[in-house]
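Read through the structure below, which is laid out as structure tokens, and then see the notes.
Chains: A, B and C, in written order; residue numbering restarts at 1 for each.
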Amino acid sequence: MMTRLNRRSVILLALATMMALLPLVFPSSYYFRVASLVWVSALAAIGLNILMGKAGQVSLGHAGFFGIGAYAVAIGPAHLGVNALAAVGIGALLSGLLAFLVGRPILRLKGHYLAIATLGLGVLIAMVITTESRWTGGPDGMPVAKLVLFGWRVSGSDTWYWITAGLLLIGTWIALNLDDTPTGRAFRALHDSETAARVAGVAVNRFKLQAFVIAAVYASVAGSALAMMNGFVNPDQAGFLHSVELVTMVVLGGLGSIVGSIVGAAVLVVLPQVLTVFQEYEHFMLGLLIIVSMIFMRDGMVPMLARLITRGRR
Amino acid sequence: MSELLQFFVSGLTVGAVYALVALGFTLVYHASEVVNFAQGEFVMLGGMVTVFAYAAGVPLPLAALLAVLVAIVVGLLLYWLAIAPARGATAVSLIIITIGASILLRGAAQIVFDKQFHKLPAFSGDTPVDLFGAAIQPQSFWVLGGAALLVLLLYYVMERTLLGKAVMATAANRLAARLVGVNVATIMALAFGGSAAIGAVAGILITPITLTSYDVGTLLALKGFAAAMLGGMGSPLGAVVGGLLLGLLEAFGAGYISSTYKDAIAFIVILAVLFVAPQGLFGRRAVERV
Amino acid sequence: MSRRMQVLRIVAAGTMAAAISSFSAMTAAWAADTIKIGSVLSMTGPASFLGDPEDKTLKIYVDKINAAGGVDGKKIELVVYDDGGDANKARTFATRLIEDDKVVAMVGGSTTGTTMAMIPVFEEAQIPFISFAGAVEIIDPVRKFVFKTPHTDKMACEKIFENIKQRNFTKIAMISGTDGFGASMRAQCVKVAPAYGVQIVVEETYGPRDSDMTAQLTKIKNTPGIQAVVNPGFGQGPAIVTRNYAQLGMSSTPFYQSHGVASKSFIDLAGAAAEGVRLPAAALLVGDKLPDNDPQKKVVVDYKTTYETTTKQPVSTFGGHAYDGLSILIAAMDRANSSDPKKVRDEIENTKEFVGTGGIVTMSPTDHLGLDLSAFRMLEVKGGDWVLVQPGS
């Protein structure tokens, strides 16, 4: 118990220190922007990792929840007169509720059938967002009002850097704590073997549903943060390709590894910024790097590195 | 009546392509349990290679043959260079590899070819055939006929040849198959090559109707995957039925309900089917691997 | 020409003269460094048929300008990023252009979605931004630092309805793409239709990647009393709609496409089915058919020849928008005699009678597009090529 607690504190402390030190080496606020994108994506990826890595369930429609959160902070203040912060809460509530309602029948499905059902759910959400243009601005999206906190208009890449960093720290803290609760243990049992967990008396369906709802809320909050940071939303954020991107972050970083999700998000956000110098070869290189890293680090980057380090110590 | 028939034929035509993509998914899944999201890129390769070869002066049949060969080579390379080295990785890791492959192939296509849309001439002219008041493009018959022929061929290979039996054995139990002397690696390579060929043929048949470009694969992979799941993953019959059904749902949805929400209608039906039959329409109730 | 316009012209000419006289003095002092211009284009992804010719055009003409000595004696350095059609990426690259590359001006933004995402960044940084995207909302309401070169979708609707009205049609059907371009133009058409006495009786849509639109067209075909059909959309969709239109034997009903398919490749893709299709487009598509006294003729033919000989691809109006945007910017820098973003912005707004591929541009503090309906020509496909529709027919 003690070691686990320590590991948790070490991770959080390391993350916080890195967040505090990074700005010292940033030459311009463009870097703040990229880093903020990493924090936001990492938040969504961590949520998805609780579902995929811990509870062992796939979701190919997770961007749908991201989109709900994003559009909540766009539509709430613009059409319904809701305060932006309250809209974040409403978005998270809606996402959680939707996950709860559809989760029950969907999570009965297994493996690829679950994948296609979640994919369908994501596609439906994205389609509603694209089509109901009276509310959502249609395929070109809509502007999002600047966040006002206690009379102070939040803007600027560096401000958002700290806000998103804070959100990610909280998200990481909750996810790490989850490991030690009965729910977390149940998740691990589920991941290892659903049948065995069931035999051991774990209420399998209930815990799967919990993981799904938690993951949805994470994605929704991340979506809200991105929308407010960008000052606009568009349906791409709820789309299939974004769902695939989130799954790729989780798997690339390492299924079940919280730190892995942050690393995976960092890689997939920063890589296109680096590869853009290759111009038309960008996508070719991106695909190649994904393939190569999955072949050589099939369990993900962070678990692989961890193994290397422990082996080195011996 | 003519309206119904019009919807029916256009649904079947689009559905036949979904069916072929789904069949490609099924074949690879059967042999290797990999869900290959680069399947749509084979369709793209079929269309694009034919277009460029044809534009360079190669006669159409030869250009088509060349396209199928290119797709097969790419399929084999995909297996040998990306899937085989990752042997033993989890299913989701393998999916990410195929997604990487699909990004890579699209990236390569935009360099080798270009980013414009292209067309092919219809194989037997553009004059629509009047069928009980519905206007049918002659190319639709090529698509339907070609798809039917491929399905029959695949059925024959799977059911009547030693090769097919080896594929079935590999699907059923890889270790046991190896024990009875099946070269599992070769079978898997063949499955990738075969699914690439099926995808390429679909691409060639459909390009005169739908046009093609370097990025047509993404949506087709999505629809093909949906069709395969609707029919039941791993069942060739399910893939064909699932594909045709998906095409018909879209056409009738657009025609009778709402063209804006036709894709939604298709996915709602898929969700409904899965709630009732969690293994798809024709899926085996596979034993879960513990 | 109004009196006010005349005054403005004199002022503009005066500014120009002043700019030219001080030009030579500046040249020597700043010869060493370069002027950085940024661009974010959708070179890949669903809008790559826009971004690709835009990118090629910018590169061709920046090279040309540099070969001719640059602006103010300084060479232009062009920084281009590919957003893949993703608005979020576009937004990040916009920040990168400003913060990291320190550009003094921006040309680009292929789609309305990416443009709208980037606008706040350039407005905040006070860097002039000339977009190549279609929707009217980019310049309406007017934003201080944002301009655009293509005609708006609202103008396209007006031009189409003007022609429909001339032919005494009142009942039409509309089939639009659900992509950003199609949805935005659809909304504008619905808005302006009543002003032309046009009633939209049926409306259908199709997805941007759909491969068969016969179901939607069959519904239109079976609606009695339809006198014309309008198809707002871009990409390959309208080509398929056009083919299905002919397949269903609907060609006797006049069919209108939008400026979203204004390139020769539309005729190539749609084939014989395109015969008789009308659309509003810039003069660029019919450059060689313009009368010799047409003020746009020289510019249009020059651009077409340059683009086609360099890229070996048919010219499109999309690349033309990039040519116009870059030319307006360079001319403004010339006049401002400086690359200071705020001065350049003022001069862009002062653009008067600039002859581009899209039309003759005269901007003002209330008009950051500077084109009117006359910039659009109504074209018809005849014998596999565009021809000008004679007014009144």
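As a convention for this text, contacts are C-beta pairs under 8 Å (C-beta built on N, C-alpha and C of every residue); 3 or more make two chains touch, one makes a residue touch a chain.
Because the structure is a prediction, the values reported are computed rather than measured.
Chemist: Go ahead and name the chain pair joined by the largest number of contacting C-beta pairs.
Modeler: By contact count, the leading interface is A-B.
Chemist: Can you name the chain that lies farthest from subunit B, using the mean of each chain's Cα atoms as its centre?
Modeler: Result for max centroid distance from subunit B is chain C.
Chemist: Measuring centre to centre with CA averages, how many angstrom lie between subunit A and subunit B?
Modeler: 31
Chemist: Counting only Cα atoms for the centres, state how far subunit B is from subunit C in Å.
Modeler: The mean C-alpha positions of subunit B and subunit C differ by 38 Å.
Chemist: Send over the residues of subunit C in touch with two or more other chains.
Modeler: 43-44, 178
Chemist: Please output the residue numbers of subunit A that touch at least 2 other chains, ranges allowed.
Modeler: 131, 280, 282-283, in rising order.
Chemist: Give me the residue numbers in subunit B that touch at least two other chains, ranges are fine.
Modeler: Those would be 110, 260, 263.
Chemist: Using the touch rule from the top, collect the residues of subunit C that touch subunit B in their complex.
Modeler: Interface residues on the subunit C side: 43-46, 48-49, 52, 178, 204-207, 209, 211-212, 214-216, 218-219, 222, 235-236, 239-240, 243, 246-249, 265, 268-269, 271-273, 313.
Chemist: Could you pull out which subunit C residues touch subunit A in their complex?
Modeler: Result: residues 43-44, 81-82, 86-89, 91-93, 95-96, 98-100, 111-113, 116-117, 120, 124, 135, 178-180, 183-184, 187 of subunit C touch subunit A.
Chemist: Show which residues of subunit B lie in contact with subunit C when the two form their complex.
Modeler: 3, 6-7, 10-11, 13-14, 17, 110, 114-119, 126, 128, 135, 137, 206, 209-211, 213, 215-216, 219, 251-252, 254-255, 259-260, 262-263
Chemist: In the complex of these two chains, what residues of subunit A are touching subunit B?
Modeler: It is residues 52, 58, 105-106, 108-113, 115-117, 119-121, 123-124, 127-128, 131, 193-196, 240-241, 244, 247-248, 251-252, 255, 280-291, 294-295, 298-299 of subunit A that touch subunit B.
Chemist: Which residues, counting only subunit A, touch subunit C once they are in their complex?
Modeler: Interface residues on subunit A, with respect to subunit C: 27-31, 33-34, 37, 130-131, 133, 138-141, 143, 155, 157, 226, 230-232, 234, 236-237, 272-273, 276, 279-280, 282-283.
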